[in-house]
Amino acid sequence: MADTFAFAEFRAGAFRKVAFETVSAARRAADATGGGTVTALAMGAPGLSAKAAELGRYGADRVIVVEHAELARYSPEVFAGTAAAQLKAGSYRAGFFSASAEGRDLAPRVAAALGQSLASDITSFEITADALTARHPVYVGKAIATLRLTGTPALVSLRPGAMVAVEQSRTAQVETAAPALDPASARVVVTELAQRPAARMDLGEAPVVISGGRGLKSAENFKLVEDLASAFGNAAVGATRAVTDDGWRPSSDQIGQTGRLVSPALYVAVGISGAIQHLAGMRTARVIVAINRDKDAPIFKVADYGIVGDLFEVVPPLIEAVKRARAEHQ
Amino acid sequence: MAFAGVDFYQMDGLLSEEERAVRDTVRAWVDEHLMPIIGDCYIEGRFPKQIIPGLAELGVLGANLPEEYGCAGLNNVAYGLIMQELERGDSGIRSFASVQGALVMYPIYSMGSEAQKKQWLPRLAAGQEIGCFGLTEPDYGSNPSGMITTAKETKDGWVLNGVKMWITNGSQATVSIIWAKTGAVDDPKSIRGFIVPTSTKGYAAKDQKGKLSLRASDTSEIHLEEVHLPKDAILPKSGGIKSPLSCLTQARYGISWGAIGAAMACYDEALQYSKQRVMFAKPIGATQIQQVRLADMLSEITKAQLLCLQLGRLKDAGTMTPQQVSLAKRNNVSMACDIAREARRLLGANGILAEYHSMRHMANLESVYTYEGTHDMHSLILGQEITGIAAF
Amino acid sequence: MKIAVCLKRVPDTEMRFAIAADGTSLDSAGLKYDISDFDGYAVEIALRLNEQQGPGEVVVVALGPDALQETLRKALSMGVDRGIHLQADPVPYDGFSIAQALASELAGQGFDLILFGRVATDTGNGMVGPMTAHLMDLPCVTAISRLEIAAGKGTAHRELEGATETVTFPLPAILTIDEGIARPRLPSLKGIMAAKKKPIESRPAALGPVRLTVDRLELPPERAGGRIVGEGPDAVPELVRLLHEEAKVL
């Protein structure tokens, strides 16, 4: 029976989707090693404890809540110190973090504090008493490495969206704890957190990504992509490098080797030819749809479903059809 | 996509770390600063003056001259690689660098006084002065010994009279190296070199219009009418036709490498196109005809690369002969002309657009075939060397 | 300021990419190497900081085989003052092992800043920087997209999902640098020549124990042949049906 640990990311008054993925993974790991206890740690501003029980829905048996007025924002030293102290206080077989922006900062610090290594940004894992093996895309997605991690606790961070959060009923026991160090003593201080004016979901979190390329011919025509994203309701808008280089879309929207790497459930490529450096950013999406008027475009080789045609003729009816389908199946 | 070069015989392993670093740096610079603008410059028929400061800062002007004169102090293989990478961009740009380095800075360095070297070389290296080389005349191209530009000695200095033609950088030059006869018009031994600031009264440069080749380069006529120069304008160690020819040997050496750059650009473009362009349900690179074209191109490039590498090592060892340079210039430019044309053909209709590079290279290389000693002249230079009999 | 930049020599996989016969590494035939992209930004930042703030020293540190020296020389030719080559062949995959070697090398040398790229373009982990910071007990800010340093303190921007954080920190500190912050300068040819004379010290890396290894390296699964659902707007109803019934994403 092995106990596992999960760090559950909490921001702006709610658990992020990746928190559920992390707890879910810790649950699966505990079950795979004889069914031990899953302990989740959540840190944030006062009010967090009211939400803590949510983590039981994803398999947490225990939720340790660290609430403090100064923890409304991430503080690397306090968060890392507290997570490390909690991990040391139990006897955990494995510890799970998200490889979100926060997690990528947090997990390595915790690992070093525990004198352990870290398998970061993994897309799947198997665990036994002696070893944890995990898969991780390397060379910007050109290859998949199967890694072997020894040492206890085995610490991993999960690529957001790669492992689906599985719901199950469990009553989580909520305990409170203090931060391991006084937040006022932190040397690195977050002085501001500016939400970007985003009407859209973030590319890394959205289950659906609609992306546009040169085929759209102008910045104004990106409205078609945005409308299709709105039709899906839970979609973010991405772009190819050609289009961000030309200034039609901000560079933070760029999907590709030197931009964002995304793994949505559905990726729709509109007017994108499928250059290798773009594919590197989206090839791990579960389902890929391509719309392009060139039947020989490389994108069709990776797309599960393709429509060959003029996107200006295909996308408007597609927008209507998606809206209808969602209304029907809601 | 960044240009990756062509290296079928792993010649990178024959280069020093520094030579590779120089090549990679100039390659990246060309990708970033030249490729985005060269198509338009060529169509508009203008040399992109705005890149001169960048080229100078990079250190490519007179790169194989010593550091004490503000130059990079590179060896000749590195210099050749610079020319290769510049011409991969455009022959006109490489011509600019060849003229500045091999035809203006080199004669000042090898034939000038210490005062002249100190006055001119650092400024030329920094791109603060632009130079041109005045040898060719309207009636004296392949036979420069016959030139009729004169330099008469006066009590204060010299007076130059004559016309020069086909002068690269002519209209934008601030200084000109003019070759003129100080003695009788039929006495080539009296040929001397002069440093002529182009602002000197009586000096006028006019661009030659209507070029269909080397359009991103300034090519000018120079008129010298009673141009008075001080005594110290003469290059003291110059004398006879061998003086300008020694400069041409330097430039021809660089051109031998440059031609490889143009050939690589065309081959690479043709190769990428052949893999992407689909006709009759398969890429055209799957057809035998195009594969033979590509194989021929690769063979010629590989041979030329090995030729130049050895030539460069000989130059660094101090044993290179002008005839060895003739062989390389003749061979490499000829093969580059063929490769550019065949690449243009492989590209089909798209190949006539300025968006693609091969036809621009094809047109440019016709000038390179003709200047710095025509292909035919180099045949005769070699013929004389081999047989001992001059057939000019 | 005295600034160290920890960089990684990584293969350039744009041109050639094949997995070696042993199934755990890349086929080295024809592979070219270079400074990892994000580390290049870190070198550029370090050089600019000293250009703006008065003379200082920039040192690059890296682990690798002898061939690493060529990569260090590229940094020297950009203007870095000296290099430290920690010998390791091969460089382990385990970032914690690497962090221990770096912390051991950098300790007590009085660096005002130690910079890393946010993530290496080969292994894609982004952990060596923060781990080294923990081992050296230095404040650390990761994934910086904007940076200002003044009077012994720093202010940085970090991009989260959908938000931008502003962070302050004291010096000395360890920072990891994200993309977009600065284009790395091309070395000048004089810089390449000057680099030949700059010192590179070479000594064995004091690696920590290795607990994370690569069992296997594989190409990503070929996506099973997709299909063209149809042509033009007429194909839309069928696509929507497939997305709902077959792919279950709608």
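Just so it is clear, A, B and C label the chains in written order, and each chain counts residues from 1 on its own.
By our rule, a residue touches a chain if its C-beta (ideal position, glycine included) is under 8 Å from a C-beta of that chain, and two chains touch if they have at least 3 such contacts.
For clarity, every value in this text was computed on a predicted model and none was experimentally measured.
Enquirer: More C-beta contacts across B-C or across A-C?
Expert: Between B-C and A-C, the larger count of C-beta pairs in contact belongs to A-C.
Enquirer: Closest chain to the overall C-alpha centroid, by per-chain C-alpha centroid: which is it?
Expert: Chain C is the most central one.
Enquirer: Approximately how many whole Å separate the CA-defined centres of subunit A and subunit B?
Expert: 55
Enquirer: Indicate the whole-number Å distance between the mean C-alpha point of subunit B and the mean C-alpha point of subunit C.
Expert: Going by mean C-alpha positions, subunit B sits 40 Å from subunit C.
Enquirer: Using mean CA coordinates as chain centres, what's the gap between subunit A and subunit C in Å?
Expert: A distance of 21 Å separates the two centres.
Enquirer: Quick check on subunit A: which residues sit in contact with 2+ other chains?
Expert: In subunit A, no residue touches at least two other chains, as defined above.
Enquirer: Any idea which subunit A residues touch subunit C in the complex?
Expert: Against subunit C, the touching part of subunit A is residues 73-74, 76-77, 80, 100-102, 104-105, 107-109, 111-113, 116-121, 133, 136-151, 187-196, 198, 202, 204-205, 207-208, 232, 251-252, 258, 265-266, 283-284, 286-289, 295, 300-310, 313-314, 316-318, 321-322, 325-326, 329.
Enquirer: With touch defined as at the start, can you tell me which subunit B residues reach subunit C in the complex?
Expert: Residues of subunit B touching subunit C: 1-2, 4, 10, 17-18, 20-22, 25-26, 28-29, 32, 57-60, 63, 67, 72-74, 78, 82.
Enquirer: In the complex formed with subunit B, which residues of subunit C make contact?
Expert: Listed in rising order, the residues of subunit C that touch subunit B are 14-15, 30, 70, 73-74, 77, 186-190, 192-193, 195-196.
Enquirer: Within the complex, which stretch of subunit C touches subunit A?
Expert: 11, 13, 17, 19, 26, 37, 93-97, 99, 121-131, 133-135, 139-143, 158-170, 173, 179-180, 211-220, 223-224, 226-233, 235-237, 239-240, 242-244, 247, 249-250
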